[in-house]
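Scrolling down, you'll hit the structures one after another.
Below are two complexes that have chain A in common, paired first with chain B and then with chain C.
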Partner chain A sequence: MTLDSSRSLLIRLFTLAFLVLVPPTAILSLVALSDFEQGMIPELDRKAAAVGRDLAAQVERAVGYGIPIDRLVGMDEFFSPVLEANPEIRYLAVTDERGRVLFLKGAEREALEPHYRSADFDLARDGRKASIADYLDLALPVAEGGRRVGQVHVGFDAGYVRGRLMGILYDVGVVAAVSLIVAFEILLFVVFFNVTGPMKAVGHILDQVRRGDFSRVAAVPSQDEVGRFVRALTAALRSVDDLYRRLMAYIEEVKTAHFDKGVVERVGEVEARVNFLYRFATAGSPKPMHERRATDIRLPLFLFVFAEELSRSFMPLYVGELMRPIPGLTPELITAIPIAVFMACIALATPYGGRVAERLGSRRVFLMGMVPALLGYVMTGLAHSVYDLVLWRAATGVGYALVTMACQRYISKAVSSEARTQGLGVFIGAVLTASVCGTAMGGVVAERFGYQSTFLVSAALVMLSGWMVYRLLSGTAEESGDLREPSRGELAGLLRNWRFSFLVLFAAIPSKMALAGFLFFLAPLHLAAAGFELGDIARTVMLYPIAVVLLSPVVARLADRTGWRAGLVAVGGIVGGLGLVAPALLPGIWPVAVGIVALGVSHGLSASPQLSMVPDVCWIECRNIGQTNVLAFVRLLERLGSVAGPLLAAAFVPVWGLSGAIVALGAIVLGMAAVFAVVSGAYGSGPHISAEEVA
Partner chain B sequence: MFWTLSRKVSAALAAILLSTMVLTALFGYHKFHDLMSAQVGSRYSFVVFTIKKNVEDRLSLGLALRQLRQMQDIVEREKVGDANILGIEIYDAKGEILFNTDRGGIGASVAPEWLEPLKGATNHPFALRDEDNLVVGLPLVNTLGKVEGAVVLRYPAAYLENELGDLLAKLAAQWSVVLAVFAVIGVVGALVLFRPVGVKLRAMETALGKVLAEGGEVVPDPGSADPFDARFAEFAAKTREAIDHIKGATDEVERLDRLA
Partner chain C sequence: MIRRLLLALAVVLAAAPAVAQDTPKRPYRIYMALYRGWEEAAQGFKDYFTNQNIPVELIVRDAGQDREKIKGFAAEAKALKVDLVFTWGTSVTQEMLGPFDAPDPARHITDIPAVFAIVSQPVGAKVVPNLESSGRNITGTSYLVPVETQLNLVQSYRPFTRLGIVYNPLEKNSLVAVEELKAQGRSMGFTLTAAPVDVVDGKPAPASIPAKVAEVKAAGVDYLYIPPDTFLNVNRDILTGAALEQGIPTFAAAENPVLTSKAMFGGVYRYYTVGQLTAYKAEQILVHGVKPADIPIDAPKRLSIIINMPVVRALGFYPPMNLLGVSEVIDGGEVRP
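And now, the complex of A and B:
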């Protein structure tokens, strides 16, 4: 085991987490499923008996009027409404006293008659239950004048209960998967915070001491084995420091008080030798070394994004519940407004968040952002109308922007410029895993406990993330910002770079337009309209982040290796556009799922290359105003797509319906991607651009 | 040193395991409860449906709802057939109870909200809650499509809990055993995983203490692939060297001081 590297330890820990979480969930689910099935069977039997008794009574009445049992008419019409109203009943049949099928609806005669003919139908009044092929058959006697003349049969599908209970397994699967990811995040945090991080700091101290530098000690306040080890190390360093300071005090005393200049001179030589060989802190004692690590903020960020993603799959449905008619606005537009406002607030607050984070530090801005977010979630859950919902979503958007900017700033300060991609990976990793977990859990929680409870869970998660930042980042030093704010002229100059403008207008904006318009707005509405329950909607929407998570790392490596960034962005855009026009080509609800996966593939293909392209296409601007500023400007511009997407989709729905709106949005995205694909051919490769030539 | 590394990880794993199991059990039970409730409701809806058919057959003969005296026997017979049925009532469109398994209730009026479902679709079953009871009902419609009243059946809301008490107790016991077993596995696993870390750190701490107190050097384990070991050995050596050097320098300064 390598002490200052987490890889092997994490692999073993994740294996342990898998062993501790998955088998018990699976065991309990299967046991519970079997028990639940057994628990439901008596109820099904009672239903079968109720239906059978009613049918038998009616057949007996007809037979009592003197109609022979094999001459009854209209039995199909008699059976049909019962079968339609009771989906668990697969067939109804009437047989004569020898078991010959006289009337049957819902099953094949060949499957049942051999059994009926061989069975003993000397039945008691409460009937006889038998298992025939995949059916559970309840036979009740039909009597006339005390003589049995036949039987009524009610057949249940033996797999019906299991089929209905399978939904439990889907929920359990979601909970188990989310738990594993949460376990991954927590263990990652525990290991980085308690082992790898402190040991890396210890490693730096070891390296300094190896070079003779005793000026710093590792600041690790924990009370575990690592903390104890660090304290032992610190004690050793302090003892050396003490000896040194005593020596220096003695030397100073000798130099000041000794009358023999020769002695003073030789003592001075001793001092110079010691100071030449070793370095000690100029202050009174070794300086504690606080190390920032990008991973420190990962868990709070994960929890915060998790909180937002909980409502992702049902937000339009929640708005729909609160909706009252507003003159001049279509219901779809009213539904889209809270989503668009949320996105607009993120867009507008992001630059401010960046500036404030530079001035006040990440920890303070995170805690500042937590306030509107927390208020937003609680009040969104308690909203009475769309008006106040819009207000609270706006507050949440501002909070979201502040918190995410605080986290980005913390990470960028924690990593060196060479490791910036690694730092970005920490941020994107936390956001994507939170997106998968939050979307999936949100649907399940909302389905079981309601929308309001889900928003309260979001609020609780935000509080937890804030508490973690408050407690855990308190010791880390906050460096003052050095980010230069670009002027409007510089940003306008950026827009005059045609490569940059085309990338933003025909790749970044349509990408976000599709995300917010289709995934956040149209997909939940369409799936709900098709009768999907909240849990199913969430599981379907979850396909998007899963596709991105799976594809992004592979594509990032591919883009770095091949340098084919513009091509990947273009292909991504076209795949996303084609996915959205799927409802025009395929029937039913499946095209929505296809669209979601295609959008995930699209963003998996294009997101990383898109960001990597920015320094290539505006190298001069990145040099002049800073890459961070240029990337922040891209983020701001692409949010225009996030705002426009839901509004555009809402405008299409009254004209073309939900499917048509998806296709229309897809056509726009596809068209813009096609323009980008054509234009990107003229981009050239590497940082050789017209802006540079002009400059 | 209560919060050792293995205890921290054990606590994290146990908390995640507990949350997972609680959520799994909660969601599973809710889903099962929904399905069972729907099934029970569907069975009682069917009972109500058979009574509705009976009433409507008679209404189609031109009889008024109030005149259907046989209905009192029919609803009483249905109640006798199922111990969980608390009552069956037939009331007219104004809310007056005409037939009731509790004969004392005949002539009384139903709560105003029981008349609300009669304003909607005439063939759709409705469900209501009456204190601790659940109610399923169907409107009674004559041949002209006019709503004449409704038939409702009451059964206890705690019916499922009563029916499933044993099953849930058994599941709770299984749940506790599985939780305990896997929590122990988590604790033992964390202990096994972090033991080498603790042992190694303690060994380094002891070796450092010995080097500082007695001299000598830390010898890295030749079988160890961890470069940290070699760096630590150099650290210990450098620290010892610094102590020796500073002590030597102090002795030298003392000697020079005494030269006077």
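And now, the complex of A and C:
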């Protein structure tokens, strides 16, 4: 079950997936792209000519009415709709017969005029094409009474075609990378489910047999070679069991029927010896052993989280599209509400999900959670106002909480005998990989097919993941957990532990605040306002999970080796805060990307040390009310930050603008991180018990 | 245009069986009472029937701007037992159809359905109680562009803060226009300089117009607004000529000052279009049996912006490109201020 023991197999599988998927995709894309490029350039030329002719005709009409070409009125308003409707047209201009720029929109006069001055505009009716710096300039003559009085210029961005091609190339790259990862997830699942898992089970059984334990057989339902092999083994074990039972029956017969005491004694000795050396099932036959493997739930969880992450990068934009003014609320607040409500629903439903999962078992809770999630996605796609959108997002949040809790419980039950860290690794790994893939893919799907279709894709993925859980996870009754409900007093007692409450208040909460307020809300809005396409927004937002994925494992090992956890949490918080303050120090839009990467680095640095610090700082409480309960309480508290983040950000926007709101949010996060950094110095003093268990 | 075509098609299809049956029947007889001769609205009215292939017999009477002549029209229409009466202008309409609250069956047309056109204030003139329904056997068209639309059009030519108006204090249309402009000025943020022409012997004096124009010019107005006023229409050359001489751009709420005089531009419903719309309503009554009270009084959907290019050139005050693109341009040679 651990990834380490199958590493070489996994590497081979990944290589195989890579070889099968990437070269054909790359070759096909390159061929398609060069065709596209060939087709696009003449298309652009035709468009420029059409736009230019239309404008020139209108200018000519005005000049024909006796309006001097240098005294045309309202040229900005005249040019604007054309520029807006044709993003590939960078500027429009009118020059007089000597090449002096009279009217210009979209470019700097200084860049064009010297060129126009020296050009010879005694041109043919269909104009003259020239290349000026980064522009392609098409000049069309304007005549009045047979005399040329000036020119209309249509300026194209020479890089436009290249830009469009790059955009498509990025999309193809994203699709290829995501396909690769998804294919790998599926291979992983298939191999674990059908080969590695049963083999491990067989190994386990044989291990027991070697020690003389014949009480259990492997339960493998599959019909393939592996299944046949396992069944053959099971048959052999059953026949051994059968022989044992026949022997016992014979011994019993001898014992009851024989009169010779010596013989009975000898037989009794044989029986005792056999029962001492070998163990057989007490019930009539060997018990099938259902082994749960954390990896069984990985693919369904991956698909479910993938579905949610699809809309990550454009949710605020989608809300904006549905928005009607609501009296008393700013547009930003209306945009933030569905995000905050989603977070709040997760926070509120998570403890409930945990309890229900204990009672009903993971499989049933996973399927239960699917219903609101599925309904939520379909209806979110069909929403016609912010009001019903909020409702559907709330439903999705509840479903999300139930499903993730079900998965967490499944994994923790499956790995209770082994290292829990590895089990959590399966969980976090699936969530993070899905986060990278989902965000990136969502941008591509939304840009090409629209928001609605993306939500329907989410719904389809949820259905698929539910189907897998329904079909593949065994519905066997699960042993009920011995989890005790902590009382309110005990939780309040936790808060009185200053190490605990400082950790939650100044590290956990601000980190979620930055995540939900900045990454989920302000960043997409700001990038969209700066004119980024959906695909580009998604690729920028995706930098966050990538940074986390790359950093997390390294940091986890570092933290375990050095024990420098509080320090890492403090540094992480400060890095994140500084990243968000970046827009105050740097101009333009790219500080947003800096902030996103910084946030990824921040959470990569602090997330896992933060979790493993919890048993450190409240060892006694963990003993008393259970570490799982304490961690669940941390989760609940930190979600306060997820709810507050977007609302706070929305309140800042009307005051300081998008960029200012990021800085303000960053200042708060930075301030809180600084408090934690100062206080964390004191964490080492006083009673300090190192963690026995790392979660 | 497409809507009009579809509508026409629908009408033709719907009417086809009826026409086939009624062909032997005599054409519809329509009594057309005009005030100042055969002009565009009457032509549009007539052309509609020709284009729709509806046989009509038009009995045309012209008052020649003489109110006395109108008095005999109603009696004649009744005696001829026509199918429908068409009235042109406020004076003819009031005289023939009477006020909505007290029509006199002896003096006014009450039994024969009637359509009116070119009545600037159908409600103010008490022809109908409101524009949704006349409540009686008549309907009609309005032809004035709402003042707010007109002013927005002026703004789109060039933003302004002062507007001037020279008007006839004896004419109700003008007084209504002045009041409306004042109200709009408060909400749109401009000041109105209103100069009534002098009244001599109970009649407005055309000779006083140039002095009044000079008066509003002195107040520093950006535009001179020409209301739909019969007196000013008659004396439009004096008014627009004076404005051009003073270098004031003029906006006219009716088409004549722009089309046949020296107003700079106007936003109007063309009389021809108004005549066609009136004929469409007549068709609803005659061919489709719709009750006149069920047909609301409205204006054509399409606004015509007319720019008088010689005046524009003389003033050197050029229209924005986008406005020029949607305007009809009148360019009949040069004018001199």
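Details
Please note the rule applied: the second predicted complex is superposed on the first by the 546 of 695 C-alpha atoms of A that agree within 3 Å, B and C clash if a C-alpha of one lies under 4 Å from a C-alpha of the other, contacts with A are read in each partner's own complex, and residues count from 1 in each chain.
Definition applied: a residue touches a chain if its C-beta (ideal position, glycine included) is under 8 Å from a C-beta of that chain, and two chains touch if they have at least 3 such contacts.
Treat the numbers as computed from the prediction; the structure is a model and nothing was measured.
Between chain B and chain C, B touches the greater number of residues of chain A. Contacts of A:F306 after superposition: neither chain B nor chain C is touched.
Of the two partner chains placed by superposition, only chain C is touched by A:A62; chain B is not. In the superposed pair of complexes, A:Y451 makes contact with neither chain B nor chain C. Contacts of A:W619 after superposition on the shared chain: neither chain B nor chain C is touched.
Of the two partner chains, neither chain B nor chain C is touched by A:F427. In the overlay built on the shared chain, the residue A:R71 is in contact with chain C alone; chain B does not reach it.
When the two complexes are overlaid on their common chain A, residue A:Y160 makes contact with neither chain B nor chain C. When the two complexes are laid over each other on chain A, chain A has no residue in contact with both chain B and chain C. On the chain C side of its complex with chain A, the touching residues are 158, 309, 312-313, 316, 318-325, 329, 331. For chain A in complex with chain B, the residues that touch the partner chain are 1-4, 9, 12-13, 16-17, 19-21, 23-25, 27-29, 31-32, 35-36, 38-40, 42-44, 46-47, 50-51, 54, 85-86, 88, 164-165, 167-168, 171-172, 175-176, 179, 182-183, 186-187, 190, 194-195, 199, 203, 205-207, 209-210, 212, 214, 222-226, 228-229, 232-233, 236-237, 239-240, 243-244, 246-247, 250-251, 254, 258-260, 263, 266-267, 270, 273-274, 277-278, 444, 448. Of all residues in chain B, those touching chain A in their complex are 1-5, 8-9, 12-13, 16-17, 19-21, 23-28, 30-32, 35-36, 39-40, 42-43, 46-47, 49-50, 163-164, 167, 170-171, 174-175, 178-179, 181-183, 185-186, 189-190, 193-194, 196-198, 200-202, 204-205, 208-209, 212, 225-228, 231-232, 234-235, 238-239, 242-243, 245-247, 249-250, 252-254, 256-257, 259-260. Chain A makes touch with chain C in their complex at residues 58-59, 61-62, 65-67, 71-75, 77-78.
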